[in-house]
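Labels run A, B and C following the written order; every chain starts at residue 1.
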Amino acid sequence: MSASPKIRVATTWLDGCSGCHMSFLDMDERLIELIQQVDIVYSPLVDAKTLPDHLDVGILEGSISSEEDLEKALEFRRHCRILVSLGDCAVNGNVPAMRNHFKLADVINRAYRDNVTLQPQIPSRGVPALLSVVKPVHGVVGVDVFVPGCPPSADAIWYVLSELIAGRRPDPSSVTRFGA
Amino acid sequence: MNLDDLAELAEQFRAADPVVEREVRVCVAASCQSSGASPVFDALVASLGDGKPACKVKGVGCMGLCSAGPLVSVADKDGDLEGSVLYRDVAPEDAEDIVASLDGPPLERLRCATDHPFFARQQKIVLEHAGIIDPNSFKGYVAVGGYAALIQALSEMTPTDVLREVTASGLRGRGGGGYPTGLKWSTVAKMPGAQKYVICNADEGDPGAFMDRAILESDPHRVLEGMAIAAYAIGASKAYVYIRAEYPLAVERLQTAIRKAKRAGFLGNKIGDTQFSLEVEIRLGAGAFVCGEETALMASIEGLRGQPRPRPPYPAESGLWGHPTLINNVETFANIAPIIREGGEWFASIGTENSKGTKVFALAGTIANTGLIEVPMGTSLRDIIESIGGGIPGGKSFKAVQTGGPSGGCIPEQHLDIAVDYDSLKTLGTMMGSGGMIVMDESSCMVDVARYFMEFCMTESCGKCIPCRTGTQQMHAILDKLAKAQATSADLALLEELCEVVQSTSLCGLGQTAPNPVLSTLRYFRDEYEMKLGGG
Amino acid sequence: MPPPANQPNIRVVTLNIDGQDLSAREDETIIEVCRENQIPIPSLCYLEGLSVWGACRLCLVELAGQNRLLAACSTRVAEGMRIQTNTERLQRYRRTIVELLFAERNHVCSVCVSNGHCELQWLAQRCGVDHVRVPYRQASYQVDSSHEMFRLDHDRCVLCTRCVRVCDEIEGAHTWDVMGRGSDCRVITDMAQPWGDSETCTSCGKCVQVCPTGALVKQGTSVGEMVKDQHFLPILARRRHTI
């Protein structure tokens, strides 16, 4: 086991399907190898409730669709040395961004009024407000590494993390692509 | 027909109206018409009545000082503009007074000095007949020596002689690129093939440019004569004038000119009783700026979608329907007759080392004397703007002059002393273009200027190649953000990168030059861009 | 592709591409020589068997001694040419052009029937486009499903006009054309009528096969199922031009 300190990693999902995190888990037994080199200090996969300071790598899945997504992205950018956009939603907006063709009010009406038969109402408490335009993560904060794919394969994620652990800048286009 | 026959004919035309000694010339080109020249013309005709047989009211072409229109000049029958009495801002009510003054001293209240630098500093070759002859009169053109160059070429010169004179003149294409005209003609002449074409590009589309329109509206036969000489030199028997439909007056005058020239035997079959024949046909553009690009123009003439194709092959090798084709701009053709008449050497004695002759410029924007001027190549920008143009009105100070339209750039104060020619403008990051000059004062925002031209290119992109189609759009979006103070320095960096990509990779001139207004304003007015940076 | 040579005066020239000395017939274009010699040049509008269009600008190459770039598809080879096909500058331009394309319309690869079989997707990967720096335009485009066998999705169209050319030059129907200007350009059938109402369309499907993306597809295909086959084209083109 390496004597160097473990790399501190945080992940979260924004507007996405969490499939990229599932793909992350698909690394299977390699997870054990990974966990010897990284500390996952904050993630939907672990229990921490607040994002610690001074992280090495932040991994964002999903696009920026709501106020909360925006805040999280900004927070990750502040706290992480290297920010990774994981998956097509984070990289190019993907499916969540398909609502950009429509006005936000029309989208909300469609979901909460037109298609609801019983007591249609628009939720206002406990849910973050939607932004009028869905953007990829780099549309709101600077991003260092882009890992396209829907979802990126476990191999691709493994490659990217291994490179980052080794202190190199990965070139994900050799292992994944849009829609992969 | 030889030159003597033509001279006799000209003499006949001049003597046709022996009683007329003085002419009241009313500008009937588009600019003065739009400020009300037609009612002035009618009022003058009515006021003159039959009372003064020695005087005649005549519609003429552009006298240049469009901002003072409607313009009326009173001149001796063979007199030029400088020797005439010029009246400005004439209204129909002034007609009586003007007619009354014909026998006495000039009417001082409307008088416009013709010894002003605006007139005195010009040298007219292309526009030598503009404002003097009636553009609808074939006889009027012949009477001032028109078609003599064509008859001279046909009766006394071989095509090779013509090519030699044009090459010796050093004339370069006036449409913008500045390609040597003689070289272009020789190339087409040398191409094998029985069928060749001549095309006159009158699809003038730059914002603020109206040189070609004025030439066609003022002296259409002059352009036809140049085209006929070109056709003779290269061996073509068919010619097209591609003119935009937005110039109805020019189209009408050109049609009249073609009809009359044909009837008189200066176009059509066996011109001047020689074996040379030339059919000239007008094709109207439907409003696409890109059709001023030669390959798009040819596609449009062929009835196809007006969009460019890769060059080579150049039109000289494979043009209209695959045949060798010569394309020149209106002003280029208008320079040909004097070159043949006076010789290439004479023409080459005017202008600078690499840019010969004169250039017609359209002065527009915030400048005292808006209008059309013709000056020798090498005249300084300062002379053009401050002396001829009369400087900036309203006590404001000069900021920049935009040359070359959407393909050109802005020149700031510190470079005003440059001698205008093809090469000097290029070193400043702009280009000659077709000759539009838009003057801007201190109140103009250069980011807005760049945005305006980018919007023009974006909406005029034909959509064929990706960099121009989508690149202009992205650049416009960034410029829009900048203008609204919402852009970041990263946006500005991206803008500069897009400029490089669009410039280097676009298919045709429209795309390749679309970034120029941005690049030139960035070069001279970067601080204005940086001041606009906001958005954190 | 030029018609099969029967010209007696065609000479053979030698040129250098990316350091390799190659010979070529002087009526060949740079891209043809590159394809023959397995030198990869990205392209989108070029397709062997169709006329040269010169619009995608991805096949631009550098010629020694000249600052202006040349489109490999529309430039004939010449004796002694020294060509570079993959310099840092070209890579940068290609990346930007592909990004511009992705931002222009709505290429959502993950839900596209051509996912995994799309030339634009491959190009993005090959050119190293892992994200798009320019903002997406977010314009809305229609889908035309009126044809019983095929479907047109303007969102996926890159305006390469392969469909227009194959329909005109190979099938001879000229059902397709382009209307509009700039980014408002779109491919149309007949006089911008629904494809299903077209009186000229022979339903041959060549347009679908040559389409590089998921813009023209077969009805009834789901994500990733639309696999295209373009092998017919050079053969048909050859036959057509020899008649």
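Here is the rule we go by: a residue touches a chain if its C-beta (ideal position, glycine included) is under 8 Å from a C-beta of that chain, and two chains touch if they have at least 3 such contacts.
On a predicted model such as this, the values are computed, not experimentally measured, just so you know.
Asker: Please state which pair of chains has more C-beta contact pairs than any other pair.
Answerer: More C-beta pairs are in contact between B-C than between any other chains.
Asker: Need the most distant chain from chain A, centre defined as the mean of C-alpha atoms.
Answerer: Of all the other chains, the one whose centre lies farthest from chain A is B.
Asker: With chain centres taken as the means of their Cα atoms, state the distance from chain A to chain B in Å.
Answerer: 59
Asker: Between chain B and chain C, what distance separates the C-alpha centroids? Give it in angstrom.
Answerer: A distance of 39 Å separates the two centres.
Asker: Report, in whole Å, the distance between the mean C-alpha point of chain A and the mean C-alpha point of chain C.
Answerer: Once rounded, the distance between the two centres reads 34 Å.
Asker: I need the residues of chain C touching at least two other chains; which ones are they?
Answerer: Chain C, residues with two or more chain partners: 133, 135.
Asker: So in the complex, which bits of chain B are touching chain C?
Answerer: So the residues of chain B in touch with chain C come to 288, 305, 309-310, 312, 458-467, 469-474, 477, 494, 497-498, 501, 504-507.
Asker: Where on chain C does chain A make contact in their complex?
Answerer: 102, 106-112, 115-116, 118, 121-122, 124-126, 128-133, 135-136, 138-140
Asker: Quick check on the complex: what are the chain C residues that touch chain B?
Answerer: 52-57, 60, 69, 71, 74-75, 92-93, 96-97, 100-101, 103-104, 133-135, 137, 158-159, 177-178, 180-185
Asker: Could you please specify the touching residues of chain A with respect to chain C in the complex?
Answerer: 85, 88, 91-95, 97-98, 100-101, 133, 136, 138-139, 143, 146-148, 150, 171-173, 177-179
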